[in-house]
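Sharing a structure, written as structure tokens. Questions coming.
A, B, C and D are the chain letters, set down in written order, and residue numbers restart from 1 in every chain.
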């Protein structure tokens, strides 16, 4: 929890600036579209994160604040039913006005008022909302990266988002196993500092002895599954998964393209490139992660197994990935006990409330709780996650067929 | 496990006869249709359960057996991808031939050969398959009852399946609570006798102290939720649930109809009748069960909490419901510690494999494992379940929006 | 127009009996289903045609008539919005009650009252309605044949409706041309006897000199188109047609199946049989008829060209086809100037009102006029049309993608 | 036909410039989106019209011409199947690159080469293609205006495209009738100058005596239909139309909004404004035009009746509307015998080929002929049509449910 107003203000400025930094390489045209329902137009992300601060902080707490534009509440609300009418999600990509410049003016206006507001004394309640707003904006920064990748990566011209950053192609380390003893473990967040409501309801779980792989599954390993006919043998697939594979004619991870006799993937840095066999596989759905693990004769870890293993073996300090390096691409799987910052790891756990979980009152109560069905938990953060946004107890979640985000897997087994 | 051939044969005959008994009140026309994808035509159930014995027992184990009709494999396979091409599920309701008489002739032919086969020595392996076939047929008997109810209950004439059986309208007992202490509990089946693969992977779970209601939620209680605007206030609903409510304009449980100023429900016994306020609410989706519990400020039990509570407080011997009484309608919630045989109880648990779970080899391996995603677990059996089919560890599962089956809920809370 | 009560009664009895005769070979199960929206369940046809007489004659004109069942109006109305609520068309195939026996009892009840009614003096107004009711029933007899063919022909077992009737496979005659001089011609019906409102609005059209083929296009000729890649070359197809071909993966006429290296077609008489190359091609959509003609470098005649040519060259007396022979299959194209009774001929004309056309008042006004958009006109009657139902001015109409009826084509050209 | 190279060049420059003029008021964001399948992104129109000249003139006829970008053929082909792979129409709105500046650079590059090319001797064949390309671009200019109106008019902020141009609100003149005698009339184009292939096949038609209204139907008249319950009484509607009304909950013309107790319409000039009761009704589908006429007890003219009446009574010289005035809004119905340049008039005629019609060879043959099914003919041009683009014989066509274009109606009757 950030408590002094100087660092609060500086954190605020830094986070707000980062969203605009991410959009810098875009053309105006790129800010507008919504090619699939899961992707939002970049300018919508910029407006929506701003709307959050205006609606939940400036309007209730800044005396005499007047709205930048009363229509924006309607345009930039995402799904907070509490707050009022909203543009239905599938329409977002057809709303050309306000344009990028107006959205940036909206940001500037709200930032100016927020900075004025934060220069004064800030109550604890507001402090919490502010922290939530910043975490919220960091989440949208991550979504911005996914969405930009989808928009550019589905353009027939495959335009690169940025030049390729030089990289050292190191071979992946051989896969080893990390063992965990049977026992009752504490799950969830009860430390100092920020956390989301869905990590609460701290409780105990009993785990039988198990092991998790000491690194992520690589593209090379995934390609073996593909070359073994993985996508055409129903035996590896859950029933809903098999329907998904057949209906959508899935044959490879998202952003993979077969050209000139070999597999390429679209990367934000550098555009279309040959698949790096040593990097963690990414842009796979839960269905694919689960099928791969079954094909291997193994399984995914539960979110509890992941959390316990991460706390025991992982280290955020040594983690090298994350969005902070600006590469937006998972790197070769070379590190020891890498649990953070390459790709979100699908777990075997459905996203459900912890015992004792209670959603907060009001609109912020819609943040996490209402999504707790039909989704699977992912852990660890990705190359699009800010490093100061993640922790071992952090629960991300997506529907099992989605894969436009940086998602991958780590294998597990019982002993 | 049934081991002597006399009781094996007699169990076989009894189960097979029961499927036909259930269909007795139908007109030929009722056997044919598939009004929604989840409902199968009754004659398909009769054929499919027969196909199971023919395919998995007679063909591999009865020397010189010749198929009744080689086309039937194609027509009556349900979803066993291992076994070959199948009629896609949505088409089942348009296949008028073979007719009911031919399907009954198919049953007679297979039964005759099965009885011949069972009169001899039966190997253990076959014994297991036979037991599975009978359990499978009992599951289809339950589906038959749901499906017949859907077919007749969605006919504008609301024809009754059978005359109303006399009933004593007793008031529901006041709701009490059953407490369970914190601790590590064993979950899953490791006794003698039949069980499904999804109950295996016996393992331990840690449970914090909790309580479950000592009876099911009644129609009267559910009506309070409805009259409090439960279906029009998004706050009670999960996000996917709220979409479902709005898209399908859901306003009441399935089979409920508002006529002449009050709520009626279609019952197999007696047709359209005023809702019995003291009977357990049924034909609700997980979404509705969860919303009701939230509205109450409570929650559903997890499947582990349910199993532990049931083992501690429930008693199969004292259970009065089940399909055995031929009523096919849950009765007034008057009994102590009723855990079985009224309605399947939605739990808070997503349907996922237990630790150590492994799907069996071959086609029977497709029985349960491949459905372990996007579904929720239900426990306890219903008024359409044969009493000798259920046990405390039995895991039923449905997608969370489904409600044509006898589904209801029991409340739970932490202490 | 039938005017004396004896022949009126006898016509009534004969037409009513014919509907039941057509259904005779069916199993009860076949009466129930609706595999596609265009097909209605046979028992619905039997009920609907009966409902017509009950609603439009018995209720308004027979003193003290009481309805057989007040719910039947709801169940058996087709689309007469004037008359009240109706079962939506896509649901018809899920309504198992009333069963076939009840529908036959309904027919018997209405017939008995109609016969009683017709024994007395009948006013002209009623006479017209009666004639319309009989024509209406004949149209449903034709639909019954299409629908039965669809139901049985899409069953994986391909059950025959009746045994194959012996036929003499005669080679088709070489195609010749019938010339028509330029001039102004009268179009529409203004003779004695029954006609539909859509033939009215008698008027004149100017036709430039043209010729029509003296026989229908054969299966053999159509197969040449197929073998020349007709279904995979966009050049032959209208834009909407090409979408239809691709979306539905159309590769041959309806009811054609490629087996053991050659094309078969499902016939009501005899089931699946090798295609008769000399018989008129049938079960093709307007899109296919038009593409075939374009591929030939020719075109379809307009409905006016067809009517004028038919009046000049055709002869109803010499026509051999029609449903009267009970074969329900077009025969070898051997006859001179055959314009009637093999397959309905797609014309180049969109179905629009004639000049001076006015829809009658009341529910019967919904008979034809409201369909006058997005459909194409067909002429000539088919092997499923009763011979006394057709005439040169008769306008049939279907949406251009439909082909479950007996539809074919005749070529035309300008000179 | 333009034959001298000076005026050819000047016409080319003028038409090309006009497309860019139309887009001038747009923001970059407005160029990108495709809110419904019928609307194309403005930058696509700019690219596609350019591609036409590059593909059909520069590539085949300009020696040593090199493509601006080989990928553009794929991106900017619309539907010419002959020419190769194309971006499927529904995806156009997600293609953010090339951006507006690149598309304008593409235009400049092609224009430069075209101008170079046109400075030399131009063969007749090329001349024809050039004329077609310019007519094609004018058609896209009209579509640009519809599409821009749809994009801005469906934005919740209702941004105006341009300031409102001052107008004199004059009352509509009383409706009179123009009579035409019975006779045989020539239809189609056989004059000097440009025409489309669908106007060819000049031929004669016989027309019975009739009359057409001497002006278009006004918003005021249409409002009477609405206030008489026109949209909720099935009697006025064709069957397909009634389905469309109910499925889409149609209650008023496109771009009409009920606010503060009265009807407004979105106009490109000035944004949302009270409906001008004296102006011609526009943005109605054929279904609405037909229903209105039926409600009036009248009908729409056929395209032949329209053409003959227009040739007899209309005058292109006196027409005041068209896009040339830059207003893009139909004006008060005050003029005598106004047949041109306000709104396209739905006729009673389905769009079918004329006798003797033949589609040209090659890709330009896909221009008109392949659309000749399921669409209705409209005549007269609109306030978005360039005045030098129209003539009495010009056949426009749209599917009967469409109404994002400037479409309206004129009444007709037989005498």
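Convention: a contact is a pair of C-beta atoms (placed from the backbone, for glycine too) under 8 Å apart; a residue touches a chain by one contact, two chains touch by 3 or more.
A quick note: this is a predicted structure, and the numbers were derived from the prediction, not measured.
Asker: If I superpose chain A onto chain B using their CA atoms, what angle of rotation comes out, to the nearest 5 degrees?
Answerer: 180
Asker: Counting only C-alpha atoms to place each centre, which chain is farthest from chain C?
Answerer: That would be chain A.
Asker: If you average the Cα atoms of chain C and of chain D to get two centres, how far apart are those centres in Å?
Answerer: Centres of chain C and chain D (C-alpha means) sit 38 Å apart.
Asker: So the centre of each chain is just the mean of its C-alpha atoms; given that, what is the distance between chain B and chain D in Å?
Answerer: Spacing between the chain centres: roughly 59 Å.
Asker: In whole angstrom, how far does the Cα centroid of chain B sit from the Cα centroid of chain C?
Answerer: Measuring from centre to centre gives 46 Å for this pair.
Asker: Can you list every residue of chain B that touches 2 or more other chains, as numbers and ranges?
Answerer: none
Asker: For each chain, which other chains does it touch, given as pairs?
Answerer: Here the touching pairs of chains are A-B, A-D, B-C, C-D.
Asker: Contact residues on chain A for chain D in the complex?
Answerer: Touching chain D from chain A are residues 27-35, 43, 71, 74-75, 87, 91, 93-100, 151-152, 154-157, 159.
Asker: Along chain B, where are the residues that touch chain A in the complex?
Answerer: Against chain A, the touching part of chain B is residues 79, 81-82, 184, 203-206, 208, 210, 234-235, 237-242, 286-287, 290, 299, 348-350, 352-353, 355-356, 370-374, 376, 400, 414.
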